[in-house]
Structure formats: C-alpha cells, structure tokens
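The structures come next, written out as structure tokens.
In the two complexes that follow, chain A is the common piece, with chain B as its partner first and chain C second.
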Partner chain A sequence: MSVGTTPPTTAGTEPGRVATAAVAVPVGSRRWEFMYFALRNKKLVLGLGIEVVFVLAAIFGPLVAPYSAAKFVAQPNLHPSLKHLLGTTYFGEDVFSQVLFALRDSYLVGFLGAACAALIGLVIGFTAGWRGGVVDEVLQMFTNIVVMMPALVLLIVIGAYLKQHSAFFEGCFIGVTTWPWVARAVRAQTFTLRSRDFVDLSRMSGKRGPSIVIKDIAPNMASYLFLVFVLLFGSSMLIAVSYDFLGLGPTNSISLGDMMFNSQQWSALVLHVWWWFIPPGAVMTLMVAALLIANVGLDEVFNPKLREM
Partner chain B sequence: MKRYFARKILTYVLAFWFGATIDWVIPRLIPGDPVQAYLQRFSVQGAGSPGTWQALYKVYSKAFGLNVPLWDQYWHFWDGLLHGNMGVSLYEFPAPVTRIVWDAAPYTLALLVPAIVLSYVLGNRVGAMAARRKALDDTVLPVAYLFQASPYPWLALALAFYLGEVAHWFPISGGYAEGLVPGANWTFIWSAVQHWVLPFFTVFLVSFGGWAIGMRSLVIYELETDYARYLRSLGASQRLVRRYAYRNAVLPQLSGLALALGTVIGGNIVTEIVFGYPGLGHLIYQAINAQDYFLLQGIFLFIIIGVCLANFVIDIVYVLVDPRTRLSMQGAPA
Partner chain C sequence: MSLRVEDLRVAYRARRGEIRAVDGVTFSIADGEIMGLAGESGCGKSTLGNSLIFLEERMKHVGGEVYLDGKLLPIGDNRAMGQFRLREVSIIPQYAMSALNPTRKIGRIISDLLKSRGVRYASVLEELERRVALVGLPPGLLDKYSFELSGGMRQRATMVMSTVLNPSLLVADEVTSALDVSTQKAVAEMLTEFRDRQFVKSMIVITHDLSVLAQIADTIMVMYAGKLAEKADAATVIDEPLHPYTQLLLASLPEVGIRYDEAPLVGIPGRPPSLLNPPAGCRFRDRCPFAFDKCSQEPPFLELQPGHHVACWKAAQDVGQKAAKQVQGAAP
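Presenting the complex of A and B:
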C-alpha cells in the first residue's frame, strides 16, 4: 500500500460542518482561528517546513548546483567529500548536483499526477453522486473495474512499447490510473450533501446541476479535497520512482528514480557506492513523509475532533 | 445475497475482459510493423534476396497470427486465452508463456500474500494502539510515516546494502543459492527462506506504515463518536470502547485493502527486480529487456486474474465482518 489509499479521516465527518461554523462566526475571525490552530499544530508546521526547503531546492537548486548534472566532472565513484558533497557516480558525475536537478521533475510529476487524478476523480465522483440511479451504477462499475487494473503493471506494459517518455507524459499516465479512490470518496460525500437543505434551496431556485455541484457542494468539501490532493501528490511521486527505476521514466531529463536505476545498472550495490542510491531515495522519502505529516496536521486543523486533547 | 454477488461477479468478469482487451490493444496501437521489427532484430533483412525476406515475413505473420483481419485476431486471442494458450515466449524460446508464468508465480505469491496479510493485521493493530496514546504515538508513528513514504526500490536497495552487503546477514540476490535445484528438500527450503527475508520485509514495511497511519486516524475518529462517548459514560472500560472503535474502523481499511492491491503488486515487482528474486516482477523485467511482448501480455493477464480473485476474497470478508451488509442482503432494512 502506498499513500493515498487510505482517504483522510474527514471522510467520516459531516462535510456540511465547516459551512455551518462559518455562518456562526464572522469570516475574519474564522480565518484567524484557522491560522491559530495551523501554527499550533506541530505536525503541520514540521511537514510544511521540510517541504518548503525541498521546494526551494527544486526551484533554485539547478541555478546554484556546483556542477552540471550529466557531465564527467571528477574521478568515478569518489566518496562524499567537501568538494563533492555526495560523491560521484560511476561516470564521474556529481551526485549532489544530480539530486538538485532531479527535484523539479519529481514535483512536476507529482503535481501532474495529482491534478489529472483529481480532475477525473472529481468529474466522475460528482456525476455519480449527483445524478444517482443508472448513471451512478455504470460509473461505479467502471470505477471498480479500473481499480482492479494494476496501475504499475499497466504503466510498464504501455511504457515498454513507447520509445520516448517525458515527465509530462509520466505524470498524466499516473493520474489516469490513480483516480478511482478519489471518485469513490467524492461520490460518497456528494451523496450525503445532495439532500441537505441548502442544496434543496438551490435546486428549487432553478439552478442547474453542474452549477449546484460547483457552487454549493464542492465548497463544502474543499478541505477534504485539499487533503486528497496532497495525498495524490505524494503517491504520484512515489509511483514515478518505481516507474523510473525500471528504466521507463522520462528519457529527456534526470529524476531521482533514474539515479537509482543507473546505480543498479552499474552495480553500485556490490561496489559499495552507497552515495549513489541512498541519497536520492532518502530525499524522496523525506519529501513524501513531510507531505504525509503535513496532511495529518491539516486534517487535525480542519477537523477539531482529531486535535490532541 | 444473490443480487449482491451477481453484481460483484459481473464486475470481475467485465474487469477481466477490460484488462485482457487493453492487453490486446496496446501492442496494436503502437506504430510500426511488429513482424518487420522482429525480423530486423535478428538482422534477417540483409541475409538473402528480397524473395527470402518476403517469405520469412509471411511465415512470421502467420506464426504470430497477424495475417488475418483485426477482428479475427481478437477472436483468436480469446480463443487461445480460454484454452490457456498465451503463445510462445521469445525470451525463453520455445517455452510456452503459460508455463514460464506458472513457474515464476509461486515466488511472487510467497512474497505478496504474507506481506499483504501480515502488514494489514499488524499495521491495523499497531495503529489502533497508537491512537490517543501519547508515548506510542510519538515513537511508532514517525517510523510509520517514513516507511510509508519510502519508495519501494529505495527501501529494497537500502536493506540489501546494509543488511546484505555490509552486515552479511542475508543473501541479496536470487530466490535460492546458486547450484541448488528447486525441490522439496531442506537445503533448498532453508536457502529459499533466507533469500525470501529481505524482499519480504521491503514489501511488508512500506505497507505496514500505511496501515498503521490510516488506522490511527480512523480509531481517533471513532473514539470521538457518539456511541463511544455513550459507552464511556455508561462506565464501560477503556478496553471495551477501544474494541468497538477498532471494529468500526476496520471496515474502511478493508475497502482500502482492495484499493491498495495494485500499488502493492507494483511495489513487489520493483522489489523483486532489486533482489533478482525469480518471481513475476523479475520476469517482467526480463521481458521488457528482451522485448518479449507475448510474455508481458501473459504476466499482465495473470496479475489481473490474481487481483480479481483477491477482490473477491475481500468482498466475502467484508460481508463476514460487517453485519449491516449481511442484513441488507437478507432483506432486512439496513
């Protein structure tokens, strides 16, 4: 199991709760209250803190990287030293610089995967939950079928036939195979919301379905959807590592999974060149763990029942 | 009951059909002529006169069944599939794909089944224990986060390096020691177990982290529900309240298990590749390198069948543990 398979716990809470609270408390103080609990939540602060460091490294890393990522810059397989912070590869490339260059791709794939999965999952989940009846049955059946397609295996089979891959392509691929649990969760939430009074009111005032879903239902699930997006982001990055590790990743750039793939190809394990494969994976683990921790923190901020007593 | 299972079985059949069709369509969507590519790989092109090339082309088109209209090809594909015939592997020519897959499957199952079951059971237990218990929460949870966030290939490489290469506790390559012949003797079994430990722990640990974290949140949520408060106010012991909370929290986790299967299988494939473990994942890797599309198709289908069966088992367990599903099936109001 990976991130994203256990939906955030807000699944069980009443999605309308946030909205009712908003009526009782003026908007300004509610925002302040949110900030108060957000800053007090150690998990959120820690997770976000770590993530910010990596995002900054992804943005500015390639500008300040000491060496170019794919050039022979020193002797092969050098131990980490001050000159080469994480040593060099079998090809004399600087591992530290490679990691800095690879971060952008990981975030790009994570974002694309999450965006595609969220988009498809939202459309299918809202449609199924809102329309109900036969449409719901058919969409649920379709979702259940896609769930059973082993995503990575499918990616491998498709990838094995394609000669060219890009990070863009990879991200979209991942999104297209990971949306089902989003669709399921969104459908369930839409079901509980569609019979609420405020939705009935909109319906009676002659609003059309899509507009009710976007203006009345979606905002009430906003916090939940945000958590879902964070989880999707992390799981997409992790799936991409596995994919890259099989040599099926982007062919035109370097990624963290690529580095592990190359290290495996050139027997870094047996040669004890640990600095070639441990750092890229450790960086990825920290990036995703920070997202997960921030996610649980956010969950606690959004959902008072979960806060520490 | 009948209606419920009829619908489920229809889903499985459709899923299998969908998967098999994807499996059939993908190679045909790829631009280029597979037979030509195949002949070129063995550089047949320059070997003789244009006549030879044409003749060979014809023979191979026929051998791969590509000389008939698409619709017939699709029909032949299903015909072969239902007779258990997936064609012949190019990588281990002339072994039939079905046999190669069959030989590798036990290794994959020996890794996957214990890893999924144990990580699910233990992860849920530990997660439930950690909920609302500060000391456990602060020690177990951070570790669980790290495991859940580790990419499979990395955890595999890290375990192989530190426990295999550096500490020499476990062998890191293959499914059994070189020179042994698979069979029911103790030397082989002992060797197989030793080779099994590290790949097993890789798959186990990643899943374990995920279940523990999910369960912790779910139990915390359940402990704050009205029924739990009511129980407490009646003076029920903390243990009893927790037991009820656990039972309720298990249900979403069980649905999660069905959702997680694909990811775990993917992780298992990568893990097998790192350890050169002779299961289906390793086979996929070989098939990719050898461009053996028949073998890839066969493995993919085998995995789809496995996932359908696993989903069926999860559905049955769900009915067993959730009285509401059972009642609604017998016609009582839910």
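Presenting the complex of A and C:
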C-alpha cells in the first residue's frame, strides 16, 4: 500500500499529453494536479460514482420512499411491479422502501465502526510506535488480547443484557473489536518513520513527542491512513450485515442485514420470493465493492509509483 | 569563553557493556571560534557533537560537565535540555540533506520548530528571508517542499533553519561530506559567513576532511578512540603536528598531481581499538611507529607549547628535549 506521499511534480513536464487530456490542469497548482489524476482514474471515478448514488439514496431515500418501511402496505409476496418496484415481503411490506430506509443504517454503522477503529488504532499504534520499549510491549499485549477475543460471542453476551440496541451501538461495537490490525500497521509504520532524519532533527531541535507524531510522522502516512479508513468503512458494513443476518443487529431500526435475516426466517428462499433477499444483498455487495474499487483507485492517485501518465 | 567541556564522558549502552565513545574530553572554545573536530570514523567525534545537544536513548552521560556561556548544560536530562536547543545550541546534522519533512513546506517546518520553542514565526520572518537570500536560495523557498530543491539547496535550507534563533554554539556534523567540491567550498564559506555576521557565536565543525578544516577552522582538535589527541590552531596542526596520529593522518592525504607510482599513498596500518574495553595506556600505541615503554601509561592532554595541547609521551619528550637544547644553546 502506498506510503510515499510525495505529491505530484510531473504533470507539467509532458505538455503534449496534458494538452490532449480531457481535464485541463493549470500548471503549478498542486490541488488541481491531484484532481487531474483523480478524475483520470477510471476505478476511482467508477467506485465514487456508485458510492455517491447510494449515499444520496441513503440521505434522501427515506424522504422520497413511496411507503413506510415497517408498515404492512400491500398483499404479501407480491412480485415486483410498477406499484411495488421490488415487490413485497411475506408481511406485505414494500421491499424498495425498506432498502431505502436500510441504507442509512448501513452507512451509519460503517462510518461509526471505521471512526472508532481508526481512532483507537491510531492512538494505540502511534503511542506504541513512538514510545517503544515497555509501553510498546504492554500495548502490543493488549492488542493481542483484543485480537483473540471472540467478537461474536461477546456480542451475543452483551446482547443478552441489553433491552434493545441501536445502529450506534453496533457501529461502536464493531469499531472496538476491529481496531487491532490498524494499531499494528500504524505501529509498524511509526517505527520506520521515527528513525527518519527529519524526525531526528525535530527531536534535536527540541520539538515534543506529540507534536512530532502529528506534524512529522502522521502526514507521511496520511494517504495510507485515508485508505485504511476506507477499508474499515467497507469491512464494518460487511461485519454489520453478518451480525444482522444472525439476528444480532439493531433492534429498533431496519438494516440490509435485517432484511436478509427476515427473508431467511420466513422461508423466502423456499417460497421463491427472490425479490426479498436479492436486492439487499446486491445493494450491499455493490456498496462495498464500489468502496474497494475506489480504494484501489485512490491508491493509484496517491502513490506516484502506481500512477499512469 | 563560549563553551567549556570538562572531562566529558559519554557511552553507548550495549548488551556486552558500555562502549565509551567519548572518554574524558576536556576543551574549550572561545567566542567567534570555529573549531574543527577531526578523526577517523568511530573515533567519537559525532558522539561528542551530538552529546552537546541530544542524547539518544542508547547514549548515556557518564560524567563530566559542559558549560555554555557560563551556564551548565544539563546534557544528561533530555527534558531540561529542551529549552537550550535551537536557542543556545543547535546542530546541522550529518544527514542535512534529508532532514526536511517531505510533506511540509520549508516555511511550515520552520514555523513548527519555532512554535515548539515559543517563538512567533512572523517575528523572525523578515530576518529569515534575508538569510535565505544571503545563502543564495530563491525568495520563494519558504513556499517550497524539500523535494523541489537540490541536495545543496536542502543543505543550505537546513543551515538557515538550524541557525534561525542565533544559537551560541552550532555543531556542524559532516556538512560538507556529501557534497561535490565546488558546493563544499560554498558551504564552507557560508559557515564562516554565519560566524562573521554573528548568527552563531562559535562553531564545532565535525569532519574527517582535513582540507576543509584547513580552509575554515581557527583551531583543530583531533580525536582518537574516544580521547583527544591534539588541539592547536589550524595552521599549527596542519604544518607542525606533534601527535604521531595527526602526522600520519596528514601524511595519508592524497596530493593533487602526484601519481601513485611516484609516491604511493600511505595509510595508517591497523585499526582503532575496541571502545568496549579499551586497552590501558595510550590508545594509539598499537599503531604508533614511535611507541615505547612509557606508552603503557595513559598520556595526559598537556599544553606542550602555548595553545598547543597534545596527549603523547613521545611529543612531550621531544618538546622537552628541544626546549632543553634551546636553554643549553642560549646559556653560553
């Protein structure tokens, strides 16, 4: 994954190609250079395009949804039609409306999971990598303990004690159980960066640890951290779906995993009610796939070595 | 009296024991003095330079004191040293070319450093720009990233950065080593210029390149295996060195225009002793062509001639005999 974050310097050097490119680049402007490479990258544009559609659907979907998600609005198990774009469930709920409502939850859980995991992982990774020694040993041990913790069992146990839990809880839970690999990666990166010469000079000049970590070390892995966040986002959504599918999901709202859980519970497969479980599955697959494709594209944009002129 | 170092001992912690890289070093540097510190790799010259500003974790302050402008430098206490760094003592590190964070503009790097010292960037900006121009860097430098500069430019940028708060003492560690000869000259001249303009009061220039020191240094100090061998003003060390090590070091320099078959380059046979458990007595004894039985005792670092300190029994003997002859010659 990309570590070198040397900003682009090459766009102006090939005037012929720049001139023929679809996007005009004002020479000398670094931000526009980034946009130039970003917009030229098909993977990034494709992935982001799909993602933007879903995000818009998640934001405005519930406002324009034809029916309420939890109301029984029609005959059960209706085939997709113009009136019910994706048919109805065993209970006569509108599948299309349900998908629109469920998107929000999936994004919320994805974002929360990624944010929690990134925050914990960064703090622990930077601390362990920067301080080293005993602090590192202790934090590594803690990280290993969390890795060994069976998240699913823990969730079942916690679920047994909670009256109901929300998407917020689920997101935080996922974050708290998935941070270890972030911490490990950040720790390793910090170890290599802390011995760089410019870090050394900062220390010799009397800069304090936290300031060096934030201003000298973190920017040098900024692109990596960004990609980590995107990956966490996708994986959090996937983990949430698997929890939901097992019936461990939020109990006070609807999510894509819930829909699949319900369809499975009410024998949609046996009854050939394919419009109940395929749409949420397909939407989830598309959302995560688009994120991963955009991630590969971003990697190519950030990393000059992967860039095609 | 700008810098006074008394019996400084710095060691590296290793599993097998302490490696005494600087082992009882005493010297002083006057205001406005550029002192060259020479010696072969591993003789402790960089360790000495670094220990005046930053002790790494594996380095240990074993003993001795350092006074800068009459104030005791708490070199063993990294936290207490913080307030002296950049303001009182500063360093141009060995790797000055890669000492700039590639993700931040030069101006931002300097402003971050100043902020950590509690100095406002805006208050020194004008002077900073003047110095950037002085060292021949383009005016837009502060808005550039380090990778937009050439190696020599980066070196100069680092020099400006290290001296921005007019430190009392500047340690320049191998600043000319990675440069081509013409850039070397420019950087060397810049160092004297910085001194002449009083951006820095005094300077320690660490190098293995005696020809650079001959150009810029006022005094030269030669180190061998963690100890001082000789210190005198530059001309004396170059022209009439007393310590056998200095003599051999100078003899091993190539001369332009002399071919190998005319005069093969001589080196110094052997290698320096391990600093883990250094032998007693003179540490150069095993390689010294003049070694005699007295060398099994440690030679003191004595002022044999005015301003000329040497740690060598042979040199002390020679100087003593010469003085005796002069006395005899003058008597009748």
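Everything below uses one rule, namely that the second predicted complex is superposed on the first by the 273 of 309 C-alpha atoms of A that agree within 3 Å, B and C clash if a C-alpha of one lies under 4 Å from a C-alpha of the other, contacts with A are read in each partner's own complex, and residues count from 1 in each chain.
What we mean here is this: contacts are C-beta pairs under 8 Å (C-beta built on N, C-alpha and C of every residue); 3 or more make two chains touch, one makes a residue touch a chain.
Owing to the predicted nature of the structure, the values given are computational and were not obtained by experimental measurement.
Applying the stated contact rule after C-alpha superposition, one finds that A:211 touches chain C and leaves chain B untouched.
In the superposed pair of complexes, A:203 makes contact with chain C only, with no contact to chain B.
Once the two complexes are laid over each other on the shared chain, residue contacts for A:35 go to neither chain B nor chain C. Set against each other, chain B and chain C differ in how many residues of chain A they touch, and the higher count belongs to B. Applying the stated contact rule after C-alpha superposition, one finds that A:288 touches chain B and leaves chain C untouched. Shared-chain residue A:158: touches chain B; no touch with chain C.
According to the touch criterion, the shared surface of chain A, contacted by chain B in one complex and chain C in the other, consists of residues 5-7, 9. Interface residues of chain B, counted against chain A in their complex, comprise 10-12, 14-15, 18-19, 22-23, 26-27, 29-30, 119, 132, 145-146, 148-155, 157-158, 160-161, 165-166, 172, 206-207, 210-211, 213-214, 217-218, 220-221, 224, 252-253, 256-267, 269-270, 273-274, 284-285, 287-288, 291, 293, 296-297, 299-300, 303-304, 307-308, 311.
Per the touch definition, chain A reaches chain C in the complex via residues 5-7, 9, 196-198, 200-208, 211, 215-216, 219-220, 222.
Here chain A touches chain B in the complex through residues 1-3, 5-9, 11-13, 141, 144-145, 147-154, 156-158, 160-162, 177, 180-181, 184, 234-235, 238-239, 241-242, 245-248, 256-257, 260, 263-264, 269-270, 272, 274, 277-278, 280-282, 284-289, 291-293, 296, 299, 305-306, 309, going by the rule given at the top.
For chain C in complex with chain A, the touching residues are 50, 53-54, 81-86, 90-91, 93, 95, 98-104, 109, 112-113, 116-117, 145, 147-148, 158, 162.
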